[in-house]
Amino acid sequence: MKAYLGRRYRLSASHRLHTPALSEAENQAVYGKCANPHGHGHNYTVEVMVGGEIDAATGMVCDLAELDGCVSREVLEPFDHQNLNTLGEFRNRVPTTENLLIEIEWRLRRALRPELSLRVRVEETAKNFFEYRG
Amino acid sequence: MKAYLGRRYRLSASHRLHTPALSEAENQAVYGKCANPHGHGHNYTVEVMVGGEIDAATGMVCDLAELDGCVSREVLEPFDHQNLNTLGEFRNRVPTTENLLIEIEWRLRRALRPELSLRVRVEETAKNFFEYRG
Amino acid sequence: MKAYLGRRYRLSASHRLHTPALSEAENQAVYGKCANPHGHGHNYTVEVMVGGEIDAATGMVCDLAELDGCVSREVLEPFDHQNLNTLGEFRNRVPTTENLLIEIEWRLRRALRPELSLRVRVEETAKNFFEYRG
Amino acid sequence: MKAYLGRRYRLSASHRLHTPALSEAENQAVYGKCANPHGHGHNYTVEVMVGGEIDAATGMVCDLAELDGCVSREVLEPFDHQNLNTLGEFRNRVPTTENLLIEIEWRLRRALRPELSLRVRVEETAKNFFEYRG
Amino acid sequence: MKAYLGRRYRLSASHRLHTPALSEAENQAVYGKCANPHGHGHNYTVEVMVGGEIDAATGMVCDLAELDGCVSREVLEPFDHQNLNTLGEFRNRVPTTENLLIEIEWRLRRALRPELSLRVRVEETAKNFFEYRG
Amino acid sequence: MKAYLGRRYRLSASHRLHTPALSEAENQAVYGKCANPHGHGHNYTVEVMVGGEIDAATGMVCDLAELDGCVSREVLEPFDHQNLNTLGEFRNRVPTTENLLIEIEWRLRRALRPELSLRVRVEETAKNFFEYRG
């Protein structure tokens, strides 16, 4: 019996979307006001969905304390209340939510037990969300 | 690296569910109060999810201004603040949310670049939603 | 010991905002696309808040079945799944949400026991809401 | 033309997570405060998603009254406003939301017409949700 | 310069609405399925709103860590993941949400600095909420 | 007949909570991780509620296009997609949400017609909101 458990976490961070690979005019055209020089920020919702067999004794897909510890260590500690542009992870990548999502997925995939399937979704605003399926 | 970007749009419209293919009693049985003679309306949420490669330079799946322009032209201009029953698209189809969804998907599929995958979801009320997967 | 009980109800209706008291150009200027000739619609949320003494025996401000019956009779039956412009209540008033709110408040005030205080709030869309305080 | 209709239902129930298969210390480690002796409770949201051909005459995937009747009989009547631990369905299974989900899916699958596909999602709190895909 | 800070907390608990002051038939009439013998439960949202002068140096109405500590001690520890009927606070009062609200307000009022104004709101379900204004 | 119209606007901004009026240790104690050196950010929801007589001809409390224009000019243009710490308005005040609220209220009060009453609410996260009542 396989089921999926989804759990929502929240983090607040700032970023500026701008890349030296493009001219100023191109940055403006691609990122609009997200390229404003001093940055801005968001409340991100990170939805982590893990799938696996329901344990016959406990009736659970995975240990919640273990999952929370993993997300705390791999996602909340490095990214919550940070300016994403100042972090090593985004030295060579623009901190778009697409790239944040890829980074989060990679960190969780590496940290979770391999028999659990994983799907990550990040909401950037009430209008925008992003999903990755490994 | 492939990811999915979801974006939510809102539109308000009215409709009446009633078809000449059925008798009055059958219309009543199938549609209930949705068959009331003068119609009623909803705030629809249209969730458009496009999937594609993350561009290595911009870190984005697609250009947001381009996507917004496409949804404006193909969905909001024709359907927002309209009575669906008076539109050509629903001359021969009952404007159920299933049929509205199919029409929206068809219009967006035709307008979006073919390398982007597409998935559309329409929420009719807080209790009802509809999805199409091409 | 006085407390307030709030309860949310939903109704779907259509309307067109247009008044013969104004010219076509003025209607357009005041109501914009809400003046489109065939109307449009909304999912309205009606929040009814009644205040009163907490009954020492039951621990409740009012009987929920009684309140639900009252709102059903006075609000949902006359307005749910209707075109507001076709109703007698709006023969001489534009069915703006302000006027719908006033009508709902008047009907509930008349029907509820006078020792209960009343406050009504109507949400028209995720962006717009209206309140009346008697 | 195939589409999916999702519909949300709500139920309130109580449960205690505790199993005789584990020692007290293990129960505490696995379930934390969910193992508190007198139980606690939740407002569960049950999202039922059925997929099928859109009927050419009615423009609908399935009859809503039929679906609502089925969910009422199979899910709301047995589980709403109950203590899950006292029910026969959970005599030999811990009433985790994973196990509640499996039971709901099994009941609906048995009751729905076989040509409809089915997917069930249960939200336990604003932070936790569970999905089953047959 | 006075402002109000609102902060939301969540707790899950179970209760049964039933009073020896009424006959079985009366209990049934007043509380309906909330009188079911084994109880049920809810995810409660407790919204605490404190008002006061904005401190000129910090720009804040009150210290958040202090407020969180106070709500933890006075509300979450005694009521979260509990069966309200088994607690001393409800030995002589039915654990309706009205009575839970009164108890929470009384505890917070006693614990908060007297120069802060206080307003408490408890949401029991997506349809029901309760407010107390001291 | 007086009613209140509420309208929600969204803006994304970044800030750092830190004041030279306090020592580093005090800044840390008061603001916690909100004092992190490079800042972070939020999606703010600004709820503007204006009260006034319902116009007998139009059935409206105020002109929506006028209100939207006013909020755009006074709130969204100066604060959306900005780093609040870099703005003149916060040169001598910490950009807490309390201070942002006071600034927004002052700007709107100055710009709105004096016969309209005004109430502003700012949501900083899903857990925190702030209100000012003039």
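First chain written, first letter: the chains are A, B, C, D, E and F, and each begins at residue 1.
Simple rule for what comes next: a residue touches a chain if its C-beta (ideal position, glycine included) is under 8 Å from a C-beta of that chain, and two chains touch if they have at least 3 such contacts.
Note that this is a predicted model, so its numbers are computed, not measured.
Enquirer: Give the fewest steps needed to get from subunit D to subunit F, where each step moves from one chain to a chain it touches.
Expert: 2
Enquirer: In terms of C-beta pairs in contact, which of C-E and A-F ranks higher?
Expert: A-F
Enquirer: For subunit D and subunit E, let me know how many angstrom lie between their CA-based centres, rounded off.
Expert: Centres of subunit D and subunit E (C-alpha means) sit 28 Å apart.
Enquirer: How many angstrom between the C-alpha centroids of subunit E and subunit A?
Expert: A distance of 34 Å separates the two centres.
Enquirer: Considering subunit B alone, which of its residues make contact with at least two other chains?
Expert: Answer for subunit B, listing residues that touch two or more other chains: 126.
Enquirer: Which chains touch which?
Expert: Final set of chain pairs in contact is A-B, A-D, A-F, B-C, B-D, C-E, C-F, D-E, E-F.
Enquirer: Help me check something: in the complex, which residues belonging to subunit D touch subunit B?
Expert: Subunit D residues touching subunit B: 1-8, 49, 54, 57-61, 63-65.
Enquirer: Where on subunit A is subunit F touching in the complex?
Expert: For this pair, the touching residues of subunit A are 10, 12-15, 33-34, 36, 38-43, 80-83, 86, 125-126.
Enquirer: Spell out the part of subunit B that touches subunit D in their complex, as residue ranges.
Expert: 17, 19, 21-22, 30-32, 93-96, 98-99, 101-102, 126-133
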